[in-house]
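Alright, structures below, take your time with them.
The following pair of complexes shares a single chain, subunit A, combined with subunit B in the former and subunit C in the latter.
Up next, the complex of A and B:
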């Protein structure tokens, strides 16, 4: 007999198996990535200089590489950019004409685009665990991440219309890094978000407030005192209680849209923990009441859970701004300037790299007429060497 | 809900592959990014690339089993154990679809990566070959598919106990998909492959998707026609797991009849056959049906819903309780159709006869070539030999 609960299902997810870390393992992973990339840059630059200066004239080069913190800030900035791009793609100026007939609730459209947006940001964050901005510039990966997320989140728009919305961008610019991106994502495309769970919790709170879970529970909920964002103390009537819950829900939703995506909480906490933590930030006594109402009586679980939520909430509060100020922008410009001098020269032209990789594999995929011939050729090659030419 | 966040956190504070082993589910070994990072440091190499190469080197491709427009299927084996066979499905990229990785490939990889269940084809690994084609390493299922067994009326004899065993395995697979909020959207006998031990495995997730959010429309151009429920034929854009349950009901009917129950030749003909075989949709048996975008009135020979006696006369071999189950899976109104969970909770499973043990189920061989044939298809596609029911061109752009 197979008994499944939510935890079993979550533990079989790739998000848990591949993309969950302790604080230490995550930071050591980032350090290794940074060291590797810096070595790669030095080697590539050295080789280039040797080539231009003749054999063996130059023994070493000193390059001022990005630190892990600088990499993180830069990736964080492009996560914000990815969110803006996803927003921009989903809300063209003719939004009313294009979207409303098929979907009568504008509020729901916003929720839908959020899924693709949130996924794009997580793709970027996951990709840069094993790749450095010094090797692949986040500006280029970001566009591909947004495009890939439209495909994986059932929000597909044709590449042609996607490209048309971006300045100075060709279809090749989007497609060239796609393979690198999917490889960096370890071919896992599913991201488990906390957004739906928040909606479920919100509905459950409303049900309690309206007495649908019994008068006793409702009355306890009415008596909850003031919190940081709710100054009116215990609720006088159901309407006031509902207003309080709606306020908390709105604030939690904003947290999930911004800091939950930009911080590392997805790497350390489950979706349920993340939404409850966002709710905790929005209205602590209300969240504690809610958690307690869901726990068996006399259990020490509540306190343990609240401790976990506090840790997550702390991380959420320390988020980068989704709207960087002048000082922050200045710092980012400095980092980008520094990056200009320490990029890996071998990995800058992704479009050519991608074409070369495909040629190497014996498949060009350029012209329709050639497809049949190409397949035949491919088959013949495969017969000799199923994995392609030696590495 | 109550225990959910707590237990997960304890596990997560020390995530290791061994944690997942306590699951009563299929587990595959997981190489961690950290390990790859250490190895990569020694070799000065991109470690995503290194992980990929590590995976690739675990398998050896042997001969080609089949080739379709969408994929080439190879027989393969583990490098360290030549007797351990796998099927390697190489997805062709950059052929027709100009927008990078195709939607079917994304869907198949995305969902098979998440779903580990004895009755769902196992995706052991994914890697890319040098030319950037995706390779899916799938479990090797050499005994053909359910369709072969149904069709071979001369060579294969089976009864209710066998049907019950197959239906049980199919029911668990579909329940597991829905429990994970995944709609399969292409259930049919030739997507039900059979393992060496007789276990039935649901395959081909090229049309799968997650349950939609409220108010978010989905495409109705899914599921091979004979197995497509009336709401999709009438253009419903908001639907649920009930679409898969209808397909399961159609497979059940086909297992008993040993031929497709309602094999329509066009979409309109399909609806006519459903009216004839199951009943005519009308406001009385399906409130709201007339407001579906593709609603067609079949009033002239309206039969209403077919009654129990009719079903008993055609499917009586399943026994009276089996007929109840079939009728609840083929309810015209998707809201009245039973859910995948209700299918598993049905009392048919506990009445005589007991389902046949999987190792005693009839087998036909099928062989490796048949698996190649089954896996190379694109979702909604059918064998050339049965081209009369080719699904309409799928509109992947529809949301």
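Up next, the complex of A and C:
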């Protein structure tokens, strides 16, 4: 019999296996992606010029490509946009008991919409680890990511109703980048969010406060002093303690809804650490007490964990604001203008790229019937030959 | 019985019944056409039924054949199976021996042992057949039977089970064949009826001189197909029996009693950071706990609590910087992940 603890359960997730990085490895990955994308853009532009200008008239083109920081800003902006889109599409943000439409008898208690929103943002972030905005514009990927996340988070929305909410968008625009996106996600759709974890921690805190985990723990909790957001000092009775926990919970929830999504914490920390960090920002002494109570008695992990939590909290508090100001908007406009000049010309028209990748290729009528018939015949012949064509 | 046999002077009487004169009372079949001969497996002397009644009705008596004189009982007289009384006797002896020496080949370690055993048994049988050292042989037989009563009864049960199963398979085959035959008969009959009806309809149409659309006759094959489809959907019982049976399969030893099913394949979850308590409170959940829309479906709010609790602590002790960053850490991480990966989905289901 093998015993697994909670850490092993997390280690089995794809988020741990594929999407956890150290600071250095993440930045080097982004640098590589940027360099490759820039090279791709230069090559594609050169080829296009050669084609239009004919042979012999090639000048060395110099293109001002985006830097990693600019890419980051742009992706961050579109992450905010994705959240706004999810809000706008009436994926309700309040927490409630939802009926899952796919299976009418299964009810789920979850904030599905927030999960969808958060998942969309994480999809974008993961996608742009291995792809650059110069190759695929985030505006197109963003819509697709939101739509994909509604599917993976059990908040089913029909494509038609989704498209109807967006201006100047067709169903093809949403579907064309979808496979690209899933490829960029390495086909791992599971995102472990800290939201439900926060609720679990909240329940545990309440249980301690109500004395369900022993009087000793409760009394220690009562004695915890003031913090940044709690000025009343040690709690006088249970109600006050519960109020303190609820306040911290609310603030942590806000942090998780915004900063946690817009920073890179998902790549560097586990969901458990992320919610604890958000809790740490909300009420430090309470969190430290909680960590101590949860850890096995003789473990030296506590100090290590607190250090990690501090690092994570620092990252959380240095997040982009969810509502960019005028100066920021101006900067973003600059980046977008720059991007207009350095986009990869081969990858602009995603819809026709997607069509070309499909079997019959092109639009209807573009290929005459003879060609279609010939291809079909070839396919059938190939299917007949078990060992494939001769080498 | 075939004509040839009758031509050669043989009669259709059972073996041993074609002698016409009883060796004891000398009465002939000519006088008593219903005469039947019986033998007793003690001495295998033949006599007619009326002699048996006459001599042995009063109880055990010596055999009336001159020079025999062995005590016989009426109860054991029977009709003989084989023409040759020597063979009758041999079969009886072999049957008796084989009920005692009923070991099976799979009980032996190798072929050599099995063959040795068979040879011993054959020697015993031979001695009994040709009356060599009979008392010693009988003693051996009795001793073996006493010592191995367990295995004898076990093997006897096995043999009878085998017999039953072959019988059952045979019966099933017969039944299937019968069903097929009946079905084909029925089909033929239906076919005939259809044809008749069609003919009649056609005649009527012609008689009325109507210009109704001429319906094409269904081909016989198609009609049959349709009928078959209807029949098979109608009575899936007997026709669903397999078309042939594999006979003489080695009977499999009774399997070990199955253990209780373990959905996690031996994996257990041990919570390290929190005491798993089933009752959790949360302001959201108060309403959900008693909402018929949720409770009726069988959803237990505590499932959510348990999941939330595990998620709250899952990965608390995973330090990505250390585990993913250095090569050794990565290796250890993937190793542990691999252990966990085997049960990835299943553990999640429970939580």
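Rule of thumb we're sticking to: the second predicted complex is superposed on the first by the 336 of 391 C-alpha atoms of A that agree within 3 Å, B and C clash if a C-alpha of one lies under 4 Å from a C-alpha of the other, contacts with A are read in each partner's own complex, and residues count from 1 in each chain.
The working rule: a residue touches a chain if its C-beta (ideal position, glycine included) is under 8 Å from a C-beta of that chain, and two chains touch if they have at least 3 such contacts.
Predicted, not measured: the structure shown is a model, and the values here were computed from it.
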What does the overlay on subunit A give for subunit B and subunit C, a clash or a fit? clash
Counting only touches as set out at the top, which of subunit B and subunit C does A:212 meet: first, second, both, neither? second
Touching A:36 in the superposition: subunit B (first), subunit C (second), both, neither? first
Applying the touch criterion given at the start, work out whether A:203 contacts subunit B, subunit C, both or neither, answering first, second, both or neither. second
Taking the superposition as given, does A:174 touch the first partner, subunit B, the second, subunit C, both, or neither? first
More residues of subunit A are touched by which partner: subunit B or subunit C? B
Is A:296 touching anything from subunit B or subunit C once the two structures are fitted on A? First, second, both or neither. both
Identify the partner contact of A:276: answer first if only subunit B is touched, second if only subunit C is, both if each is, neither if none is. both
Regarding the shared-chain residue A:11, is it in contact with subunit B (first), subunit C (second), both, or neither? both
Considering 38-46, 128-136, 146-154 or 164-172, which region of subunit B has C-alpha atoms that clash with subunit C after the structures are aligned on chain A? 164-172
Return the residues of subunit A at which the contacts from subunit B and from subunit C coincide. 2-13, 16-17, 20-22, 25, 105, 108, 196, 268-270, 272-273, 276, 294-296, 301, 304-305, 308
Of all residues in subunit A, those that touch subunit C in their complex: 1-13, 16-17, 20-25, 95, 97, 99, 105-110, 192, 196-204, 206-207, 210, 212-213, 246, 268-273, 275-276, 294-296, 301, 304-305, 308
In the complex of these two chains, what residues of subunit A are touching subunit B? 2-14, 16-18, 20-22, 25, 28-29, 32-33, 35-36, 39-40, 43, 102-105, 108, 111-112, 115, 129-131, 135, 147-148, 151-152, 154-159, 171, 174-175, 178-180, 182-184, 186-190, 196, 268-270, 272-273, 276, 294-296, 301, 304-305, 308-309, 354, 357-358, 360-363, 365, 371, 379, 382, 386-389, 391
Touching subunit A in the complex: which residues of subunit C? 266-275, 277, 279-285, 287-288, 291, 293-294, 297-299, 301, 304-305, 307-321, 323-325, 333-334, 336-337, 339-341, 343-344, 347-348, 351
Partner subunit A, residues of subunit B touching it in the complex: 1-9, 11-15, 17, 19-20, 23-25, 30, 33-34, 36-38, 40-41, 44, 46-49, 51-53, 56, 60-61, 64, 67, 74, 93-95, 98-101, 103, 106, 109-111, 113-114, 116, 126-134, 179-180, 209-210, 212-218, 396-397, 399
